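Before any comments, here is the structure.
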Amino acid sequence: MSEADATGGFGGAARGDASLSGNPALVGQEAVRLEGVHKSFGVLEILRGIDLSVAPHEVICLIGASGSGKSTLLRCVNLLEPVNRGRILLWGQDVTAPGVDENAVRRHIGIVFQSFNLFPHMTVLRNITLGPIRVLGVPRDQAEEAGRALLVRFGLSDKRDDYPDRLSGGQQQRVAIVRALAMRPGIMLLDEVTSALDPELVSEVLGVIRELADAGMTMLIATHEMGFARDIADRVCFLDEGVILEQGPPRQVFTAPVNSRTQQFLRRIVDAGRL
Amino acid sequence: MSEADATGGFGGAARGDASLSGNPALVGQEAVRLEGVHKSFGVLEILRGIDLSVAPHEVICLIGASGSGKSTLLRCVNLLEPVNRGRILLWGQDVTAPGVDENAVRRHIGIVFQSFNLFPHMTVLRNITLGPIRVLGVPRDQAEEAGRALLVRFGLSDKRDDYPDRLSGGQQQRVAIVRALAMRPGIMLLDEVTSALDPELVSEVLGVIRELADAGMTMLIATHEMGFARDIADRVCFLDEGVILEQGPPRQVFTAPVNSRTQQFLRRIVDAGRL
Amino acid sequence: MPVRGSRGGTYLDQQTLVAAGAPAPGSFEGNGRGSHLLGGQRAAAVSTVSTVVFIGGVIALFVFAPGAAAVRHTFFNPQQMKQAFLGDPSKGLYSVGKGLILNIEMFLIAEVLILFFALVIAVLRQLRNPVLFPFRMLAVVYTDVFRGVPLIIVIYGIGFGAPALYIRGVSTQSDFVYGIVALVLSYSAYVAEVYRAGINSVHQSQVAAARSLGLSQWKSLRFVVLPQAVRTVIPPLLNDFISLQKDTALVSTLGAVIEANRAAQIDSSTLFVYSSYTVAALLFLCLTIPLARFTDRLIARDVSRRMAGGATVR
Amino acid sequence: MPVRGSRGGTYLDQQTLVAAGAPAPGSFEGNGRGSHLLGGQRAAAVSTVSTVVFIGGVIALFVFAPGAAAVRHTFFNPQQMKQAFLGDPSKGLYSVGKGLILNIEMFLIAEVLILFFALVIAVLRQLRNPVLFPFRMLAVVYTDVFRGVPLIIVIYGIGFGAPALYIRGVSTQSDFVYGIVALVLSYSAYVAEVYRAGINSVHQSQVAAARSLGLSQWKSLRFVVLPQAVRTVIPPLLNDFISLQKDTALVSTLGAVIEANRAAQIDSSTLFVYSSYTVAALLFLCLTIPLARFTDRLIARDVSRRMAGGATVR
Amino acid sequence: SHASIARDVYKIGSLTVATDSPAYEPWFSNNTPSNGKGYESAVAYAIAKQLGFSKSQVKWTVEPFDASFAPGPKKFDFDINEISYTEERATVVSFSASYYDVQQALIAMRNSRIVKHHTPADLRTYVFGDQIGSTSLAFINTELRPTQQPSVFNTLNDAKSALQDGRIQALVADTPTAQYISSSEIPKSVLVGQFPSTGEHYGLLFAKNDPLVACVNKAIATLKANGSLAKFQKEYLGIYTSVPTIKP
């Protein structure tokens, strides 16, 4: 991925960005705060009271068994699923209250879906410039220039004019990441964002995430890759049966879990040689 | 996944199965053999002469960068993509020759797609019994009983009557595996089959694959998880720019690669702490 | 070139991937362009009132306009509507109600044949096997011709043409049969195209999954593609059902089939009022509206079953 | 209970997941039921011959049947076809060709209005916001009523009804205008349903992705859902285009609009042959077939661009 | 009263006369109403002349039969289209006095059984057909009452085709039309006979309570009195004394 070097790193200039520090009242406030969030599909209760507060810059990894509700939680945060009970606050503002402009909220949140959900009728470049052009009102040429630079960064420059159905799994996943990044959100929700990537790319993405965090982005990452979580997370949250059973810095959770269910989950992983 | 224990292991009885040893002429013959396989999409040449021979029982892991052609290779093997040049032989029979009954070939090969491709208009149970009922002619009640048992084995018994769109990523992936297994194929092609699974499930699937291999199944697995490849593979093949650059037992490929490109690929992985 | 907007920094500044920090307080409040534009009760009131006003206005037009009485007399004459429905042989009036039975008969027979025949054509058109090319061409020519030629001409062609040929078996059928043949020929072309749209809407990866199980081309179509295809195209299929139901009326041009509309036409030209047409129209509505409601429920059930328990994003 | 088949073991034997080992030699050979049923040249010959026989048979019917000469004289009289196309005022013959211009005019104006109006209705029907319920109901009622009522009755209703109301501006329009209004009212109901099918065929996850970028409900529809929806439903949309083109003929019932079919009708009843109808039919075909070929190419291009360079699984 | 007529007409300065298209022989000639040939065309011009309109002031317009009785303003002064007077119809539109007294007649193919056998009981056994909206159809249904439902066609031409192809056995039309069909239109067809008068007559059709009716009635009376109508009938419709009468 040698093209990447040409465009330089990610963070830098954004650190100490005016838009963040320009609002003194908010400095030090949580970027995301979930209070007793409940979510059911029909009779099936998936989230049973999630409390979580995420500081700006913080990188949180959600781990837990398949079907434990990680994806659902992320979808709730950017209001794609309405919660049944509880509140979600972004930078101190309750976004689950009536009268909130969902579109304004989502403009500040990027999400990478587990199944990518690329737009099949658009080329890769149009996929990633749609948001900037139609939502942020960026002129097309600027959006495309920015988009092209991002594609280079992710080793996709030769796929710019291809349609998503012609891409490999890992290529699609990277396009999905770029699409979210192109909106330059304040918060990113990443759902299994390395599942289709080869190890080289995983470490590349790991680097990107570090830079973004340094630049002030807040991230919520659902992942099954414990090594990845250990490397990237400021805090790991273990989700089980709809509640956060245990949370803490990765070293603590992975090496000295207090909850017995967490211990069991991790023991099996270690036994299988997967951590 | 305690339900699993109730149904017992996988292999056992199948070992030394009559259908395998009943054909003396074929014993010792390769299960899969690729000879100079070329595949292009338009002007883009993806596979540039793949030679590979896989013995019965053998588990081969294909590794390589995203976009290197792993998925394409698997799709070629069960004739979903016609090859441009070269031959593919299954149990010594050329299946790329004209006059071959594709359906008969595919009946003997199971594939789990990277993007799952479940049938959205059918419940989970109907997804996995479609093949046995309509292709093998198994009576519905028998197929369903077998299907239910498999679902239990993969921790999905409560999702039996759900539609795929309502499942989590990992649940969908397991249904896709079960759908392929339900056909009881002689060869399995697995494309990133653990990407959406949590570590517990990964080691579970690992166990299943071991049992299947013991029972005589031949497997070709495309994967990005080097740990998984190391644990499961009899042989690892490193795919790069459309050719197999290096192959051998995992221990050899991972610890003492000869090819410089392989060395580079692995070094980066090791540097990133991903092996 | 700085882009104006609520964000700090220029968009093109590559170094600044994270331009947005915390948005200003209150910036998520509905700004009048979101989906909460109309909040709660007031909005409900607005939309109810506007609907009532619209419908009321239409009705008022027929009640208060200068010529309204004459229009009512001609189109909505209860006495003559009853007469038209029942018919009155002594005055040479035909029964619209009895005619409707014929419409329904023709519709049902034709529809079954169309659904089958159109499927065959649609499938022929999907064939990619080069050796079957002539069949594909035949299917293409068929749809082009029979969509292009007005139904009435097909009906004339079959109904007047076939008897004129004096071929045993072909030339001695009843108008009812000729009519159905013409309807099937014409509508199969349309319905085949609807099927085709449905088939095209199913993603290739579904076919790949089906074929990979060893299902033959036909079985993949039968069990995987068509069920999804048909679900998608239920509304336009229903369009064609309804059109067919109405076009059964055209068979009356052959003379012997006095269906509801022909009966209405005779009555109206005898009595010089259009009320009999109103009766026919109302009767047709009584057939089509329940059908529409039924398929709507079908679609809704299908969607809710398959989609998220809360397929909630609008 | 052992299942008969080529596999060893019974299917239900849970222990035996791997039932198939190596299949017998030669077992992949085409067995007559696969897609290679018809192999190579022989198959091509079969399908070509059968097509030629079929088409030839149809033609032969019109050439050799006992009454064929009379039929040819009535339907395919070149002299009178020419006369019908050009018209001949001295014999009271109208020009079918000139009439066609009127059809095309009405079609184009109506189509633009329909495409827009139908979209509005389809979108109203998709609204899930409870406060907008009355609008949704209105849209449902609208489609039900205007699909249910035969077009000819809508044309009568508008064309005869509006003038009868004696309202300034409403009652003094030309038949041409009334005709177009009636066409738009009726066809919008159909086309709205076609749109709806297209919209439903787009997976919820696409909407989720669009909304997650901050696109409003309308913009998601505009940029993500509709482009995919319309691609899917091009064939049934074209169905409706073609029907509309033909149904412009019905406007002639209002009297003042002598379009191609009415001209043909007049000519045919003057000359007592149906050749003028044949002319009208051929002219309509000349309009619709290029349209069909054009959209076919559109679909094919779209599919090949998006799908696999070798979307090869059949 | 010419001044008032000039004011009351549909288009000032001209007399707008409607008929359907096609305009059938022998009521019109060559489907061209404006040529003054054919009975109805001649009558229309004669009436126009009585009202004070010159030949060039008579404007013809096409009005489908179905549209002629629509409510609302008429786009013509009167419609002349072989329209029979009935009491029910007269509640919606106004009719002039009779300009032709109608008798229905029976047409069949020469070799048909009906040519010889047409007692009232026989007549009930045949398959009849007719044009929609015609009083001939009503005549079949109310007077002949065949056991098999008569076929009903959009145009008289369709009915003629059906007769020719043997899909119907007999056609009923007013005597002049029937005469024309059997003599000039359908080879090998014959006029079997005409039925006794039922008092049916053709009238010009006007908008309800049109003030013109009175003037036109006066004109028709004049034309009757001075023998013009008889002359036109002789010229265009022929003389039917030779037509046998069928007793229904």
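Letters A, B, C, D and E mark the chains in the order given here, with residues in each chain numbered from 1 onward.
In the analysis below, contacts are C-beta pairs under 8 Å (C-beta built on N, C-alpha and C of every residue); 3 or more make two chains touch, one makes a residue touch a chain.
Here the structure is a predicted model, which is why all the values come from computation and not from measurement.
Student: So if I look at the partners of subunit C and the partners of subunit D, which chains show up in both lists?
Tutor: Under the touch definition, subunit C and subunit D have A, B, E as mutual neighbours.
Student: Give the chain pair, either A-D or A-C, that is connected by more C-beta contacts.
Tutor: Between A-D and A-C, contacts are more numerous in A-C.
Student: Taking each chain's centre as the mean position of its Cα atoms, how many Å separate subunit B from subunit D?
Tutor: 44
Student: With chain centres taken as the means of their Cα atoms, state the distance from subunit A to subunit E in Å.
Tutor: That gives a centre separation of 84 Å.
Student: I'd like the Å distance between the centres of subunit C and subunit E, where a centre is the mean of that chain's Cα atoms.
Tutor: Taking the mean C-alpha position of each chain, the two centres sit 41 Å apart.
Student: In subunit D, what residues contact two or more other chains?
Tutor: Correct list: 33-35, 40, 156, 160-161, 164-166, 171, 204, 208, 211, 216, 307-309, 313.
Student: Could you tell me which residues belong to subunit A and also touch two or more other chains?
Tutor: As it turns out, subunit A has residues touching two or more other chains at 41, 80, 102-104, 115, 165-166.
Student: Of all residues in subunit E, which are in touch with two or more distinct other chains?
Tutor: 66, 70-72
Student: Who touches whom among the chains?
Tutor: Final set of chain pairs in contact is A-B, A-C, A-D, B-C, B-D, C-D, C-E, D-E.
Student: Name, in rising order, each residue of subunit A that touches subunit D in their complex.
Tutor: These residues of subunit A touch subunit D: 75, 78, 80, 102-104, 106-107, 109-111, 113, 115, 117-121, 130-131, 134-135, 163, 165-166, 179, 183.
Student: Which residues of subunit C touch subunit E in their complex?
Tutor: Going by the criterion above, the answer is residues 67, 70-71, 73-74, 89-92, 160, 163-164, 175, 252-256, 258, 262, 265-266, 268-274.
Student: Please give the residue numbers of subunit E that touch subunit C in the complex, ascending.
Tutor: Those in contact with subunit C are residues 65-66, 69-72, 86, 88-89, 91-93, 129, 132-133, 137-138, 141-142, 145, 149, 151-154, 158-159, 161-162, 165-168.
Student: Note which residues of subunit C are touching subunit D in the complex, please.
Tutor: It comes out as residues 33-35, 38, 40, 43-44, 47-48, 50-52, 54-55, 61, 65-68, 70-71, 74-75, 128-135, 137-138, 140, 143-145, 147-151, 153, 156-157, 160-161, 164-167, 171, 190, 193-194, 196-197, 200-201, 204, 207-208, 211, 216-217, 232-236, 238-240, 242-243, 246, 249, 261, 274, 277, 280-281, 284-285, 287-289, 292, 296, 299, 303, 307-308, 311, 313-314.
Student: Quick check: in the complex, which residue numbers of subunit A touch subunit C?
Tutor: Residues 7-14, 17-23, 25-26, 29, 31, 40-42, 44, 56, 80-82, 90-93, 95, 98-105, 108, 132, 136-139, 142-143, 145-146, 149, 165, 181, 184-186, 211-212, 215-217 of subunit A touch subunit C in their complex.
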